[in-house]
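Can you read through this structure? Questions will come right after.
Order of writing sets the chain letters: A, B, C, D, E and F. Residues in each chain are counted from 1.
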Amino acid sequence: MRDSLMVFSGTSNRPLAREICECLDIPLGEVNISTFSNENIFVQYLESVRAADVFVVQSLYPRPSEGLVELMVMLDALRSASAGRITAVIPHYSYARSDKKDQPRISIAARLIADVLVTAGADRFLTMTLHSEQVHGFFGVPADHLQGAPVICDYLATTDLSNAVALLDMGQDKRSARYAQRLSLPVAVIDKHRISDTEVEIKTFIGDVGART
Amino acid sequence: MRDSLMVFSGTSNRPLAREICECLDIPLGEVNISTFSNENIFVQYLESVRAADVFVVQSLYPRPSEGLVELMVMLDALRSASAGRITAVIPHYSYARSDKKDQPRISIAARLIADVLVTAGADRFLTMTLHSEQVHGFFGVPADHLQGAPVICDYLATTDLSNAVALLDMGQDKRSARYAQRLSLPVAVIDKHRISDTEVEIKTFIGDVGART
Amino acid sequence: MRDSLMVFSGTSNRPLAREICECLDIPLGEVNISTFSNENIFVQYLESVRAADVFVVQSLYPRPSEGLVELMVMLDALRSASAGRITAVIPHYSYARSDKKDQPRISIAARLIADVLVTAGADRFLTMTLHSEQVHGFFGVPADHLQGAPVICDYLATTDLSNAVALLDMGQDKRSARYAQRLSLPVAVIDKHRISDTEVEIKTFIGDVGART
Amino acid sequence: MRDSLMVFSGTSNRPLAREICECLDIPLGEVNISTFSNENIFVQYLESVRAADVFVVQSLYPRPSEGLVELMVMLDALRSASAGRITAVIPHYSYARSDKKDQPRISIAARLIADVLVTAGADRFLTMTLHSEQVHGFFGVPADHLQGAPVICDYLATTDLSNAVALLDMGQDKRSARYAQRLSLPVAVIDKHRISDTEVEIKTFIGDVGART
Amino acid sequence: MRDSLMVFSGTSNRPLAREICECLDIPLGEVNISTFSNENIFVQYLESVRAADVFVVQSLYPRPSEGLVELMVMLDALRSASAGRITAVIPHYSYARSDKKDQPRISIAARLIADVLVTAGADRFLTMTLHSEQVHGFFGVPADHLQGAPVICDYLATTDLSNAVALLDMGQDKRSARYAQRLSLPVAVIDKHRISDTEVEIKTFIGDVGART
Amino acid sequence: MRDSLMVFSGTSNRPLAREICECLDIPLGEVNISTFSNENIFVQYLESVRAADVFVVQSLYPRPSEGLVELMVMLDALRSASAGRITAVIPHYSYARSDKKDQPRISIAARLIADVLVTAGADRFLTMTLHSEQVHGFFGVPADHLQGAPVICDYLATTDLSNAVALLDMGQDKRSARYAQRLSLPVAVIDKHRISDTEVEIKTFIGDVGART
C-alpha cells in the first residue's frame, strides 16, 4: 500500500517538477493535459496510479484560474483512479493575500481555495512562504509550510549589503524582521497604505536610512 | 427570513442577468468584480445580502476557468455575508460533456464542478439543457434543470423546414428525437465517431435524406 | 496494512462469489447472515477483518430492497470491525435506470443508492454495465465500471448471425452501436416510447430489416 | 418560507397518516408510490412541495427493507424538489433493538438506519418508544422521541388488574418500572436470556407472583 | 505505512500509559503539554509521528473539561503532523451517563463528545465499560469497547462473598446481572430514584437480602 | 420561522449578556447550567427554543476549557431542541493566539476551536478583536468580526496623551498602526521576542521616544 512515490506536474511550472524528480531520482509521471476548443481542460494519466503516493506539482501562477481548475481536475482524476494518497504541491499559492475581511462582503478566498482543493481530492498540501503564517490554518487537512527565507537570505548574503537597510512594513509578520536579523541589517519601518491594486502610499516613516558610512 | 429576492451577475453574461431582472421587475444587485494585476479575482457586494434569497447568474462560458473561479468567489462571499439561500444560475454549464469515463484515469469533471460549487456555497442550482440528462444527478443539492427545446423548436417552426431532415447521432439521448417529433421532420441516424477535438467521422448512416418532393 | 484480501458474499448471488474466490484461489470469507422473525437482517462476520482489504459481493437483484439493506448492514459491520478498505462489488446495480428526472418531483435513485452505500461504509465500488455511462459519475468515491460487452459479443459471435440486424433504440448510448460494429451487423434504429412499466410502443423505424440474402 | 405544513404517507400505514391529517384538519398529500416489475420502487409527488414544511409518515414495519428503501426514495425526492424542511415520522423504528454490540463484528444497525436516512434527506425525526432511550442519541439531527406509556397505561387502567403483576426484565430500562408505578402494580423481576430469535429462557426470578387476594 | 506503533499520554493518567507501554515493550512517546498563564493548553510532540499508528491515552477524569480540551488539541496536532492513524484511548469516558433525553431541552452529551473528538482528529476509539452499552453506537468511527467485568469479578472472587448479595438497579443493563452469575451471588433488585446529583432514594425493593446462613 | 430572537448566557459573563438584553429590550433567556459532583456540565433550557433565532453569549475566558465545553453542550442542546438558527457570541475567543505553526508538531488551536463549535451546533459566530485578522478565515460558517478599536480610542482620547507614544510590535497587524493614526500619536517600533509564557525581550528599537516638548 502506497509504496510507490509518483510525481506529476501541471502546466504551470514543468521545469520545477522535473528538477524535483531529478533530486528524487525518479521519472516525472506521464500525464496528458490539453485544452479543448471550448476551453475545457482535459487530463488523462498515462500510467496507473493505483495505491501510489502521488504528488501533483502545480503553482496557481501566472494564470490563477486556469492553474486552479487544472489542479482540481488533476486531483479528481487521481482520486477516481484509486490513488493511495494525494498531495497537492503548490509553490505559489495565489489568493494567499485574500486572507482577511478588511472590507465587508468579500471572500477570504485563501480559505475558499483550500476548501475546494480538498473537495477535489487533496489529502495533503505542501506549499511555501504564504502571505501570512495564519493562512496555514485555512487548510483542513495536513499541510507542510516551507519557508523560502533561508534560501533567499543565503543568496542575499553573497551580495554587497554594506549600504542596505531592511525596510519593513508595519503589519507584516515577524518573518520580515527575521530577514534583517539574519543579514545583520539596520531596520526602518514604514506604514504602507494601499491606494490601488498597483499603487501604495507611505504614510509613516520610522528610523534612519541615511548613509551608513 | 429570506423575504427579499436578489439577483447578482458575474461578468460572463451581464445582459442576460439584466433581462432576467427586467422580467422580475427588480434591480440587478450591485457587486464590484475586478481582477488584480496578479490575475486574482476580487468580489465585493455593495449592498447587504443578509437573509436574502440570492440568485447569482454566471455562465461558465466563454472562459470556463475564470467563470468558475469567479462564481466560486461570488458564492463564498455571499455565504460569509450571511445570505439566506444561494442559488447558482448557470445558463451554460461548461464541462457538462465530461460526464462519463470513456477512457481510463480521467475526471468526470461535470461532477467535480458541481461538488466544488457546493463547497463554495451553492445551496441550489438552476441550469439548462445539460449535455445528457443524467448530469442532473451529479448535483448533490436541489437543481432545477430547464429545457431549451420548446424555445428552439418554436423558433425553427418559423423557418422553412420543407427540405429539412432531423439528423440524430446514435448515443444522443431521447431529447433529440423529441425535436423531430415536435417539428414533424423525417429522421435519419448517424453514428458519429470523434477523431479529435474538432473533427468527427460518420461511420454509419441510416435512413433516407433524399429529396422529399 | 491491508495486506490480506478477503471476499465476502451477501445472499443475492453466492455462486458468483464462490467462482470469484476460485479464480483468486482464496476461500470465501465466513459470514452469518440471517433474518429475524421481525424481518430485521442480522449480519455477523465469523473471522477477523481488521486492516483487511475486503470485497463484498452483492447484487441488488432480484430483491432490490432486501439486497440493498443487507449490503448496508454488511458494510457497516465491516467498518466498525476496523476493516482496512471496503469495496462494494455490485454486479447488478438496481435503480440504475433511475438516472434522470424525466418527470417532476421524482428521485434520481441511482445517485441516492450510491450516497447511502458510502454512508454505510463503502470506500470503493466495482460494478458493471450501468444503464448509462453517466451513472458512473453518481459515485462520490472511486468506482471501477466493468463492461459486459466483450463477453457478450464473444458469445454472440459463436451463434448464427447471418440473418440478424442490430436494432438500436434512439437515446441509448454509444455502447449499443459498438455491439453492431464488433459483430459486423447491419443497423436499424427505432424510437421506443415507454407506455407503462412493461409495455413499449415503437414510434419511428429507420433502416432496412428486410431479408439480407 | 416553510409556511405550509404538508403530510405524506408511505405505504406501510396509510390509515395512521390519514388519522393524523384529520387531527390536523389538512388533506393527506398526494404522492404516487409504485413498484416496477423489477421490484424497483418509484415515487412521484403530485403536488408542489417547494419550501413546504413536510412530514413523511412511514413505519419500517412489517417489511423493514421495503419500508426503509421506500422512505429513503421519498425523502430524496422531497429534497430534490426543494422542500423547505423534511421530517421523517417513523412510528415503528425497526432495527431499534440492534442498539449495541453484544457480539463481535456485528452492526449497530439502529445507528446505521439513522445515518442513511439523514443522507437521504431527513432534517428531523419524529419517532416513539424506542427499544432503549439511548437510541435517541443515534440521530445526528434533531429527533422528537414520543412515549407510548401514557396511552398504554390509560388503556390498561380500564382493565381488571386486580390479579396482575408487573414482570420486568433485568436490563430493561427505567421505563418498565414506571409502568408499574403508574398502575400501582406489584413488581417481580426476571433475568431473561435469549436462546434464539423466538425463544427465551428465564434464568432468575425475583419477587412474589403468588395470588394477591 | 503505519508500521510504527506509538503511544502518547495526556496528563490525566500518565502512570497507566507507562504501564501500557511496558506491556508493549515500547517507550512512551515524548510530548510537551503545558498551560499558559492564560489557561490555554499547549501541546507539542517532540518526535516525528509521520505515518505512525498513534494511540493517545487520556481519561476525561478527574477534570472532564481540561481532559477533553487537552485531548482535542493532542489529536489535532497529530493529524496536522501527518500521523497515519490516530486512536483515542479513553479509559474513563466522562459524560457517558448523559446518554438519553430524560428531560426536555438537554444535550445527549455522550454523543456530542464522540462527535467533537472525531472532528478533532480521532480515527478510532478504545474505551471501556461505558455507562450503557448503547453508547457504543454514539461513535461514528470504529470503537473497541472493552469490558472491566472479568477483571473486577476475578478480584471480587478472591474476597469473602459468603454474606454478599448482588443488588441490581432496575434499568441497569444486563451487564449487572452477569456479575451476579459469574460470582454465584443471590440477587435483589431495587428501583433507584435519583433525588439530586448526590442523593438517591430507593422506591421499590424486591428479593431477599436476609442472612444466608 | 425564526421570528423570535432569544439570547442565552453561559456562566462566563452573565452581566454582559444582561446588558445586551437590556439594549435589545428583551429578557435574558432562562437556562439552567450546573456542574455535577463528577465535574460533568449539565445544561437545560427552561423555555422552548423551537424555530427561534438564538444567540448564546459565552466567553472562553477566564477558564477556557470549562468555557468551551459548556458552550459546546449549550449549542448541542439548542440544536437537538430544534432551534432555528444558532449564533455563538464569543466576546473573548481564547486560543486565538494559536493561529500559526511557529514550531513543528503543534496545533493551530484557533482553527480547531472553530471546527468543534460548528460540530457542536453553531450556525454562525459573532466575535471581536481576534489576535490576527486572519483568524476570521478559520471559521467555516459565517462569522461577524467586530472591532474594539473605536471604543478603545474614544476612551483614550479622553485621557492626557500629550506625552504618549504609540509603541508597535513588528509583526502586529495593521490594526495597531490605525490606533496611532486615530489618536495622532508619534510611533516607535520594537521587535519583541518572546522568551517564555510571561517574559518578552525587546530586540530592536526604532524611532524616537524622547520628550516631545
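The rule we apply is simple: a residue touches a chain if its C-beta (ideal position, glycine included) is under 8 Å from a C-beta of that chain, and two chains touch if they have at least 3 such contacts.
Just so it is clear, the structure is predicted and the values come from calculations on it, not from any experiment.
In contact with chain B and with chain F at once: which chains are those? Just list them.
A, D
Taking each chain's centre as its mean C-alpha position, how far apart are chain A and chain E in Å?
That gives a centre separation of 43 Å.
Roughly how far is chain D from chain E, going centre to centre by Cα mean, in whole Å?
Each chain reduced to its C-alpha mean, chain D and chain E end up 30 Å apart.
What parts of chain B, by residue number, touch at least two of the other chains?
Correct list: 1, 80-81, 101, 108, 115.
If every chain is a node and each touching pair gets an edge, what shape is that graph: line, ring, star, complete or other?
other
Mind giving me all the chain pairs that touch?
Taking the chains two at a time, the touching pairs are A-B, A-C, A-E, A-F, B-C, B-D, B-F, C-D, C-E, D-E, D-F, E-F.
With touch defined as at the start, can you tell me which chain B residues reach chain A in the complex?
34, 36-46, 48-49, 61-66, 68-70, 72-74, 76-77, 80-81, 94-95, 97-98, 101, 103-109, 112, 115-116, 119-120, 197-198
Where on chain A does chain C make contact in their complex?
Against chain C, chain A makes touches at 1, 79-82.
Can you list the chain E residues touching chain D in their complex?
It comes out as residues 99-102, 108, 110-111, 115, 132-138, 140, 145, 168, 170-174, 176-177, 180-181, 187-189, 191, 203-204, 206-207.
Going by the contact rule at the top, pick out the chain D residues touching chain F in the complex.
1-3, 124, 142-144
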